[in-house]
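The following pair of complexes shares a single chain, chain A, combined with chain B in the former and chain C in the latter.
Take a look at the complex of A and B:
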């Protein structure tokens, strides 16, 4: 960590960011949402949080499936806790079931004869945002879809930036033939119609989470290179780099110790937009049916269902509103960062 | 060498002529038959006139055809059926009795070799440009189907291997000779060839391009009168059509004009219908029938709804367990899977109880179907029993069965995003039986290819209905364990193979039906095919000025809005437009006057 200590200027920038309220609170809320989404199982789940049955306590949220037999039911598959709750409540003993606030998971079909999906939002059933066309809880799919999308997007961002920054930095730092070769390669690579490639790949093999990240990284790392190359070029000529070189510092030392910390403001400015870009990309691929395989909960799949069933407005409204809120917040954060890191405010040329 | 080549090339056309047809004499013992004894099904009260407006290629997937040719590149789209409907066949099957009835031919006779069928062409038959239909038009048709110029390899292959020759007796008597023995009824199906106007076509390397947008003369009730590329095609009724008084054609094809417009989005097409700009709309799917097809125009009785049960071969929808996969080699595992698929729940919920359970791989073939075979129902006890017998008795932490450290999981490959609703229910229910199904949704062509190459574990798919059950291609051992065959289950059972071979060679119709039933039983025993659902009906919405005979369809009718003109069947065009009713409806709509709402459920031909 000591290699990557932030210089006072960068710290000043973060302080300035914190003063831009809109962006700052968006960032806080987003971070909280992302953090909480890792514990979605506690809030949105068909498994109960706590079951007390015949004097024993059970915590089914995480861990192995508890078959119905455990609770004196006549089946071996996973306990239906909603029904168990009703049964135990009817017995009026000391046994009880504490369900998650939204008592459905993203996969189960809550189907009853005579009632056909999609069903409208209902507090009595616990479907706060209704169900989709195969009777799955929209809220559950939204929450778990958010988690998938955000993890996907962050992972993609890391991959893209690792490759993009390394190559961009190297291009700027070494220059010459290496730079020239990579420039041409990137130009050619950028012209590969990325969406078609995904469609072709997706129709031959089913992409899973990681292969999709890999494919998108394969065609998405170029964006960062141009910026990094330019910034590195600029930094390379600065006196402190010359000084370091004169002292006999190695290339790696100069890049990691001197150049990268000074380019961090450029990188940080791009992060929020890359995050929203990743979410939009995954959602649109899912919408087109070339994204993650069903039945993975995803916003794109919900969006498609919603647009095909405009009469079931709760589907399309939930997902469209969520998208608007999420992307707006990400944009607020991006704006604030851009503002805070604006080089015109900080750079002093002598 | 060069001169020899030239000589060969010059000689080729003359030799080719003989390969397609030859002059012949009638056999001495020939027995001509015809059929005018079967019941009529069109309405004698039908009125001629009016316009029928619909979408080009059907309102659920409308598009402008890429060509007006009926063979060659890009011709095999849904619009072609309307073109071919007006290229009459020699004979048709009666849509209720399935006996042959006259079309272009007045009489027919069967050769002693069981490979030849003789026809007397109706002397009145003329092409739409007035040229009489003669025997040479059939000879030309065979030549054309075999010609490389039409760029249609399937047709080339089929007509070269299945057809031997056209025998020309005189201008109005002709015979088709095939290469395989067929029973009499089948001959009408296999040895059928529509004539082609010899005076119109000039085959050559440019045929595909030159004839792309040419309107071919035809023999049927309608001819194209207007083509507006990308937008609209109009069919006009021939006022003095040569066949209009033939027994089974009378009172059909009543509307004067059929306007087919391109409306690409089904939702928009449905809006057109609601405004009265289309005469009818197919509403078979539950979503349309129950939700979209409700509201003002139905409540006020301007538009009617019709639910018509048919009785014809059913498409074979289902799941095929690939027996080349280690897991499915075990009969008990297959049976366990059979009982773990909750098809009933899909039917009752997602499909709103509208579809029915398919029971066997060959339903709706009359006597050839064994109706005592019932699909295995969802039953956790039985599933558990069978799977435990196969060694999958234990369950892991996640509730999925395990055996020797392996989880009981299988991949389901399917090719229609619209079916995801159904597959996810099967997946969730299978979990209860301790089976994990992973879903592989591919694009439809890729899914089909994947299955043809036997890369699947479970193929969730369907086969269109044929006139005869497709046992050989799908269940014969000869087609197992190799790519590019339809045997998705890789069924390779010597006992079944023998039965299928016998069935194919069998001549007597009763024995053939008996064998067919035994084959179905055996396929049921093997248990590698899980039948899912059938939709033995069609449902349509139409404006009240569209009138129908009683009953409104036949046993083998398909949805008459999508198939307003239907090739090689004799049930199309039975409705008519009542201009008075149309005027009355228009006025009532203006005045806000209502009629009683009408929903007809016709069960005349419902099975069971």
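Take a look at the complex of A and C:
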């Protein structure tokens, strides 16, 4: 289908992007990390991957809770697979338990007798990055916190861009009074102190994941409108738009088929920076305690614990290093895209 | 004139200029200021004039790419200037436009196939397979290979792109096509190919053209009748041959005289060249708009606006807007 073929100029831009190694590999690693984070349960989980018990196979990772009675234990609540593994190993039968590489989940408090958390990293316990002040595994909270942050950031990006692009496009396309009114509205709106609003809202109701996305979108959609307005304004006056209108095309047809495809490069250039912005915003809100409600695993909450317990350096180090690596990679991707999509490189004088 | 396909009556296209703190209207550009002419089925009417005289604006205003300030544009009896929405979109099936710059008028992000299927898609005619077949027919009609279908506009030369633009304009078999300087951006060698293509298509499909150009030589070659524009007004409108041999308006005379003649025995200095610049359409001169540059200007020309009416001593359809038409002898 000719419709889905990318035009050569865009293909050239992507080829250029792939040649910028730093950005390209950052993008690959990030994409892999995001992809894998959706399967975090396989890598970081208190549930076992595989259990073989009395000739039967169990795969507890996904699915319903398997009570301890199933495996001949004396309780109805969820099986403690770490203990089950020790018991089965002691019996030396053909039964065994295969645990996830990091055998803790983000919510359980691994409180050991005689030790006051946080505990330092220990390979023997499986706490590769130690535990936090409530005895929860830092690695598990990092991994699940990453997933929360990235999903939050991408969702926020989609919401922001949907609203921002629609309004910006409409401003540029229809112009006139509509444009003027929205310009003033956005100027006023941008000056609402966002943090205070969040604090006020958080004091009235505890925001959950989606309401936080909604609140942040409410104050974050303006950024994209300016760029979209300008680009649309420019494209609208191009002759191919006139040509389409002369053929009898509707406004919607012109916007979706002609103007938006020509603004993709602007949108794509801003995506990485918006992603890192979203992650930073969520982390800082969590750090201040106005973000996602506890005990949701989040980097900001971990950061707050870390800065309050600087003696337990593994907490603050692991979260700060993760932040640095993640944000640097996102920035590398952003840089590479900006470089690859730089219109000056593609201007051809014919 | 009842036999007209298109009849433009007193068309005015004024653009407001806004400025200042409160976005007030500070000036008006009188791009097209009361233009009347008509086009009969299957004929070519040439529109000539200097850059900035409003001929492109006129072309776009006829097709309602701009909303005219005043006046009527009757196309088959219906006033294009005052139809809206669906009715306008249906009328546009019978109208086409070819633009000057073939680099600008084709969307870079679409394939040629997509561009040529677009007219059918917009008007929801045919199945996808039919549209594909029709688009390929169009390519053949304008002399491009079928392999062009999957390619992108930037892979073609200027002349080939203009052929794509023409194919798009004729896709829905329109009755009237506005050609907005279709050859001025092209090489001279390509110009004649494109002109011949247009003439062939006209013969084959019975198209009527409004042919806009600043080059009188090109217009003379393709047009049946010619309207000469100066600063938003038609100053002379007549049969092409007649205009060539008996120009009445001093501006037409100057334009005709400025066509370079391939005759080495004639000296360049002998020709009467127009002096000065075209006045700004923001503040057009009172009276006859040409009086600031007219070599024959009289006191009356500064105050009275000449009407477009039948000239003295010529065919009745030869219209001219000059107080002293027929009394002036061109220097040559």
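Everything that follows uses one rule, which is that the second predicted complex is superposed on the first by the 340 of 350 C-alpha atoms of A that agree within 3 Å, B and C clash if a C-alpha of one lies under 4 Å from a C-alpha of the other, contacts with A are read in each partner's own complex, and residues count from 1 in each chain.
What we mean here is this: contacts are C-beta pairs under 8 Å (C-beta built on N, C-alpha and C of every residue); 3 or more make two chains touch, one makes a residue touch a chain.
Nothing here was measured: the structure is a model prediction, and the numbers come from that model.
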If chain A is used to align the two complexes, do chain B and chain C fit next to each other or clash? fit
Superposed model, angle subtended at chain A by chain C and chain B (C-alpha, nearest 10 degrees): 130
Determine, under the contact definition given at the top, whether A:321 touches first (chain B), second (chain C), both, or neither. neither
Pick one for A:86: touches chain B only (first), chain C only (second), both, or neither. neither
According to the stated criteria, A:185 is in contact with first (chain B), second (chain C), both, or neither; which is it? neither
Given the touch rule stated above, what does A:15 touch, chain B (first), chain C (second), both, or neither? neither
Report for A:158: first if it touches chain B alone, second if chain C alone, otherwise both or neither. neither
Which partner chains sit in contact with A:77 here, chain B, chain C, both or neither? Use first/second/both/neither. first
Measuring by CA atoms in the overlay, how small does the chain B-chain C distance get, in Å? 47
Give me the intersection of chain A's contacts with chain B and its contacts with chain C, in residue numbers. none
If you look only at chain B, which of its residues touch chain A in the complex? 286-287, 290-292, 345, 348-350, 352-353, 380, 384, 395, 397-399, 417, 420-425, 427-428, 431-434, 439-443, 445-446
Chain A residues touching chain B - in the complex, by the definition given at the top: 63-65, 67, 75-78, 107-109, 111-113, 116-117, 133-136, 202-204, 206, 289, 293-295, 304, 309, 311
Which residues, counting only chain A, touch chain C once they are in their complex? 2-3, 5, 7-10, 180, 238-240, 242-250, 253, 258, 261-262, 350
Chain A partner, complex, touching residues on chain C are 23, 60, 63, 65, 88-90, 92-93, 95-97, 99, 101, 103-111, 113-114, 118-119, 122-123, 149-150, 152, 154-155, 165, 168, 172
